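A short worksheet on the structure shown next.
As written, the chain order gives the labels A, B, C and D, with residue 1 at the start of each chain.
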Amino acid sequence: MNNIATLLALTSLFLLGSSRLSLAINMVAFQGFLIGILPLVSGHGFTLEVLILAATGIIMKSIALPHMLRKALEKSGTKREVEPYISFGASILSGILLLFVSGWIVSRLTQDEGIVSSSLIAGFFLLFTGLFTIITRKKALTQALGFLVLENGVYTAGLSLGSEFSFMVELGILLDVFVGIFLMGIMLFHIDNEFDHIDTDRFDALSDLELPDLELLNGNVLNLDQELDEEEGAE
Amino acid sequence: MSTLWLIILFPILTGIVTLFTDSHKIRKILLIVCSVLHIVFTAFICLGSITPTTESWFCTDALSKIFLSLTSLLYFGASLYALTYLKPDEEGEHVSDFHDLSFLRNKNAVFMGCMQFFLSAMTLSVLSAHFGLQWIGVEATTLASTPLIYHHRNKKSLEAAWKYLIICSVGIALALMGVFFLAMAVPTQVEFFTPRGLSKFAGYLRTDWLQVAFIFILVGYGTKVGFAPMHTWLPDAHSEAPSPASALLSGALLNCALLAILRVYQVCAEVPAVQALALQLFILFGLVSMAISGIFIMHQADYKRMLAYSSVEHMGIMIFAFGLGKAATAAALFHAICHSLVKSSLFMLAGNILSAYQTKKVEKIHGLLRTMPITSVLWLAGFLAITGTPPFGTFMSEFSILKVAVESRNYLFGALYLLFLVLVFVGMLTIFSTMALGKKMPVNSEGQPIGYKDPELRKDGTVYEHPLQYITPIVFLAAALFLGCYIPEPVLQIINEASAILGGKAL
Amino acid sequence: MNITSIIFIIVSFLAAPILPGLINKTKALFGGRQGPRVLQLYYDIFKLARKTPTYSKTASALTRIAPVAIAVSTLAALTLVPSFFNNSAIHFTGDIILMAYLLGLGRFFMVTAALDRGSAFEGMGASREVLYSALAEPSFFAGLLIMIHETASLELSEIFSKLSLNFWQENPAILFLILCSWFVILLVENARIPIDDPNTHLELTMIHEVMILDYGAKDLALIEYASALKLWIYSALIVGMVINGEIITSLTMQIAIFTLGMAIVAFVIGTIESITARIKLVFIPKFIVGSGALAIIALILKVAGN
Amino acid sequence: MDLFLSAVVAIFVGGIIALFTGKWRGVSNFFGAFSCFLGTIFALKPIYDVLIANKTLEAITIALPICSASVSLDKISAFFALPIVILGFISAYFAAVTVNPRNEQHPGAYWFFYNLLIAGMLSLVASSNAVLFIMSWEIMSVAAYFLIAHRVEMNTARNAAWQFLVASHIGTTGIFFLFAILASAAGGFQFETFHSSALAEGSAAVIFFLALFGFGVKVGFFPLHIWMPDSYTFAESHVSAVLSGAMSKMGFYGLIRVLTFLPVHAELWGWVLLFGGLITGIYALVIALVKLDLKKVISYSSMENAGIILMAIGTGILANRWNQPLIAFTAFSGALLHIFNHALCKGLLFLCAGSVYFATGTRRQEQMGGIGKSMPVTATAFGIASIAISGLPPFNNFISEFLIFMSGLKAASLSTPKSLLLSAAVLLGLGLIGGLAAALFTRSFGLVFLGTPRTNRRLNTKNIKSDVNFTLIILSAAIIAASIFAPMLISPFAGVVSEIVKPLGITYDPAYIATISAPVKTISLFSLAVILITCIAVFIKSKFLDKNQRSDAPTWDCGFLKGTPRIQYTSSSFSEPANEVFVSVNRLHIRGEKIKELFPAKSSFHTEATDSAEKHLFIPAFNIINKFLIMFRGFQHGKLHLYIFYIAVTLLALLIWKVVY
């Protein structure tokens, strides 16, 4: 369990440091695989349900979704994430910082129990890495990857806490995540079609920076004297 | 299998059928049939004829009933409205074209199908008692509504949909984390992972975990509800979505997410320390949301975005009220009802204006009272209703909330609350009076307007308004007006019951 | 209403036009001229009263009504003036306010009538008149306020009669200041030099005279008479304020002293008119406000004295 | 009470019928106006019962969503219902004959909001429940908003309406808050419960100042008056009459009503009202003197009268505080009488202005002149109203101002320095206000109705609506009647006064009524005498003395041979000397070239007068607020990753703040 947690953390760090998108997809796929086998090693026994869940998880997260993302990547013709908001080196450093933060939070949270769960740290770390990726990267594809990592983090944390729900709910959650990322994949295609790029930093047509030109909003609305003429004209 | 599954599953079925139907007419019929069926089911649930068999998945308490009937009602209104709003299929739009994964080709089929999925998801999230199931429902609403937002298939709607999907997914993922923590807060394995199930362990809940869980869930679902500063997707999505979808998003979806938070609060209320934290955060998020929305409603250039911000504001009002507790809880629930009715009508009316003028810019629209008499009168009435002007129901709730704030000696909060309400009022008044009043459009010799995009004017200088375009707003606004003058006994009873569930007093 | 007040009204009614004559006589005295007769105004009024009026084409009914209204309101004000240090014909709590405002009513008609003919000059006079009288009003009330405070009485005749000799002896400064400010008001309200020069020939500098440029005949007679009456009222107020009527017991003595007082007021006005020049129009508001300031200084002195 | 409520309902229902019959102009007009007539006449009966017959009407309880509210009519309510009923009736008539024949307007909407306004005001005064009060208050404001904006074609009307509703809403928040405080202290929304509630002194002060703020907006308390001149100006004249004559009185109603809830009135409040009123009154007149728009002048005069009334209320509070019941009684009576009288005068003035506007199509005094000859009834009515509003005898406003003067005079006879200050403020202030008001209204009356037309294209006699003369005559007659029968008003109004001070535990000696009636009686007789003598004298003069008069001469032009109508004194030149005096408050902004050469070319010259409060207080404040709000707009910049960043930061901040830390 600890080993898997360490591996998860390492893949995340790797993700932060790599500029090549195909590599990043592979990393995430590997992460999906690791998370898929996590329930098997967490010592809950090998019931049929656990096996099905693990299999579904692996198929979805490490095969289907990465495949789709790869297709999207091919179609868009992009290879690298260029000029992220925070450079790759700094990202790795921040990643390490985030790792410490996760450790700190987890240690504070579990101080009553006196145990520090490494997989919980990994969960938090994945969550933060996912957020960090979405925040600092520009390509829509990377953001989708970031979301996947975040989702992995949540899942890992959930497993490490041992808070398991019934089979159906777990399956439902998996399905939801899958559909979500699937949708993102579809939209990646659309983005590529519409914009000829998948850079989300150029997604800023929708903002409130523009001010309306309304007569009622300039201070002169208080002074209506000069408008006498208009009214007389209308009569 | 509980019969409750039926109400969740049949919209999915009709939705799938819709998705693969080529005839626009049949799709329309399916849409309406689905909504009517849903209303019938809802009526049975509200009357208590359908109840969950076990406690583990669903509950149909007063809270669920309120939000379910709101959802059902708004959905009915929105589908009626969608009948006229959706233009007939364009040439070459076939359903079964799966070419290069670029999603289904037929916009209308996707839209109507997803509406029904959306309904199902919302129903699931409202009815579910199990926190995991509820999470699935809320996430499903996001997934089902993304295609709705992308309906127009242009750059802006794509951008809006992408932002919506990413932000809400992130938020809801955080909420899932919170749900896991919630499970940790219970020392032993629980039989029912539901509010009632957890409440049985009231004395044994672990404060730390519960607090963390609550924060994660509040931030997570709060993103979906649209609390500032997580509301950023909301104006984009609401303004780009087609109006029936905006009406549903604003009137129904936000409520569903709010309900999810309230369900968690039900558990938190069992532990005083966590309850104090929760109430504090409620008030904080409420005031921040109101302030932010006020700022953006002032100087707003786009009337649909203005309505979206107004939703942020009203969610803020409600959560603020929940934070105050006591009678304000009931007031907030009442407010939720009135807000849903009014806001969805306003979005529909905005749709009318948009389809006539083809612009969402406030500054380009003047003298609506001349060109679209019915829409603009309703538009003004909606303005009064949404800003809490008596005798609309919103006034009653807003005033009772203020009274509770003062009663509990939160003078500062009360004053801020009023200040933000004024800010919103002024901003909205500016926009509504610019649009409805003022000079009529200059027209050329043929009576067609000059310098504007091109509403097709008829001889008398007005735009044709289809009855379906305004019948729902009329009914909804009338209902909001009626509720402001008199609350029928069953409604009052159910509100008070729901308020009691949340530890509040009667209205 | 007693016999004294009836005598007073009759006397005032008849004798009012003497005052301008006296003033003119004084001025002539200072100028070393013989000057017009003291009764000149009577002659003028009688002469005018015999003539038939001519009106401007622009004039409306108001021009015809105004002289009557002015005369009536001034006469009405007269009934409220203390008669020879005794009660006025009609006296009640706060009568002085009615008196002040009745004179204001006369002014209203004077001003609007001036605007009635559409003459630039008359409008000019009107615009000055309304401002100066508006500014004079507060200082009038300021003086009144001190006297009310001293006498604790709200009727004009009572106020004057209660202003005891003591007050004169103890607070000569205060009373003097009030006197000064009221005297300025007298000058302002009656269009005397240094505010206004009734004898000037340059319409641009006139105030009162320019407003009645268009009047002639009976109307002018009425207005001239009302003006004289107004001067009489103000003079009577000043006399009543300065001279303590309580100590003079017999009516004849009262009448004699009152007459003497009025003559002195006329003489003082004449003297002022002789030795000062008309001040520049832009300084008039300051002059009036300054006189108000005197009254307010008196008020402060009074409060400090308490 | 049933009758009163049914009157309200009748008016309201009439409005709705008129709304839905809007297509048929005549039908709509009929229902709208007729229901107003009917309702106002019915409402008179209960008002009479309460005010004069001293009956108490049984309260009626209405169920509202959050409480049950009772409706009742006490003396204060009945008193304030009077102006509503009178002006509601007369303006409805005016509207029926003038506005709605015009084609571009939708009569249904007009009547709906008009009737809603009247019904709202009537239910406002009748409600003895906070929720119902606020509801009626808001309905009244909203109805007024739509009435002001009724001429939808005009951006000015829209802007004025915007100002109105913004101001009104900001004020309403104060009212919201104060009622919330009262209700939470009393534990109920009924007014009866407010009386018995034990309020801390601090919260009483808060309530008072909130009330002053909230209701001050409606009455035009400086500097909250800013919306008022514009709204009254750009609304239809008969609407302005109702707004100024009745609606702004609702502000006084609210203030007085709230005063009755407070167990003790602090001295400070009295001073604030006194000096606030004084400043309001003088400021209004000083600004009005630079304004050239007839209706704006009348609007500012509303503000001036509000100042006088506030001064009187302040005097009353101070005198009560000093245990001078007679002075307090006089001041309160004066305030109430002035409210009533002002409603009549202001209604008449606005209706006259409306009638002039129909004839000339302008409100600019600079362009009018000589209208009196073609509109003698309007001119006479305006003249009467001008004399009255300037506070000159023989008309009613003088009598009410006289009472206020009396309270000041009486205070002067007290021996404390404070009382001297009070009476100095009242006497000097009222003196100046009276003088300036006279200046203002001689200007308007003289320049609009007298002289010759300043431009010849104005004054289209075809447009003169003689139908409206009926309303003018009625109101003029009412003014004269109120002057002559003023003593009869004192005793019913005294009942209102005693109801106002009853919660303070003060009862006034009934003999006071006689004390203050005595001078009022004399004045009324005096007024009657002055009116009669003047009439007789004028009659004699015109019949016998002016026999051979000629009226064909030109106006004496002092040797300037080419007199034209344009050489007449204009509105701005008339007030120029006054403006010179008050230049620091009402500085004009002059645009245009100065003449330099001996034979100048054609040049233009334009002056603009803004309200100083507007220019130096509100516009800068609005700009600052605008800038401040715009600062935050960068928050919604459209960058997705930063949006996610907000979420992350919120989450982390909360985690660190609340849990981990």
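Everything that follows uses one rule, which is that a contact is a pair of C-beta atoms (placed from the backbone, for glycine too) under 8 Å apart; a residue touches a chain by one contact, two chains touch by 3 or more.
Here the structure is a predicted model, which is why all the values come from computation and not from measurement.
Among the remaining chains, the Cα-based centre furthest from that of chain B is the centre of C. As a whole-number value, the distance joining the C-alpha centres of chain B and chain C reads 78 Å.
One simple way to say how far apart two chains are is to compare their mean CA positions; for chain B and chain D this gives 43 Å. Each chain gets one centre point, the mean of its Cα atoms, and the points for chain C and chain D are 35 Å apart.
Distance from the chain A centre to the chain B centre is 25 Å, each centre being the mean of its Cα atoms.
In chain A, the residues that touch at least two other chains are 109, 131, 134, 143, 200, 203, 205-206, 208, 211, 215-217. Along chain B, residues 162-163, 166, 170, 174, 208, 212, 235, 296, 298-299, 430, 433-434 each make contact with two or more other chains. Under the contact definition stated at the top, the residues of chain D that touch 2 or more other chains are 153-155, 157-158, 162, 626, 630, 633, 635-636, 640, 644, 647, 655, 659.
Pairwise chain contacts present here: A-B, A-D, B-D, C-D [touch as defined]. Remark: chain A residues 71, 109, 112, 127, 130-131, 134, 140, 143-144, 147, 150-151, 153-154, 157-158, 161, 163, 165-166, 169-170, 172-173, 176-177, 179-180, 183-184, 186-187, 189-191, 193-195, 200, 203, 205-206, 208, 210-217 touch chain B in the complex. Taken in their complex, chain B has these residues touching chain A: 100-103, 130, 132-133, 135-136, 139-140, 142-143, 146-147, 150, 153-156, 158-163, 165-166, 169-170, 173-174, 176-177, 180-184, 193, 206, 208-209, 212, 235-236, 239-240, 296, 298-301, 305, 361-363, 430-431, 433-434. On the side of chain D, the complex with chain B involves touching residues 63-66, 131, 134-135, 138-139, 142, 149, 152-155, 157-158, 161-162, 165-166, 169-170, 173, 176-177, 180-181, 183-184, 626, 629-630, 632-633, 635-636, 640, 643-644, 646-647, 650-651, 654-655, 658-659.
Of all residues in chain B, those touching chain D in their complex are 162-163, 166-167, 170-171, 174, 208, 211-212, 215-216, 218-219, 223, 229-230, 232-233, 235, 277, 281, 292, 295-296, 298-299, 331, 334, 367, 369-370, 384, 389-391, 393, 395-396, 399-400, 402-403, 405-407, 414-415, 418-419, 421-422, 425-426, 429-430, 433-434, 436-440, 483-487, 492, 507. Listed in rising order, the residues of chain C touching chain D in the complex are 52-62, 64-65, 68-69, 71-73, 76, 90, 92-95, 97-98, 101-102, 104-105, 107-108, 111-112, 114-124, 126-128, 130-131, 133-138, 140-142, 144-145, 148-149, 151-154, 203, 213-214, 218, 281-282, 285, 296, 299, 302-303, 306.
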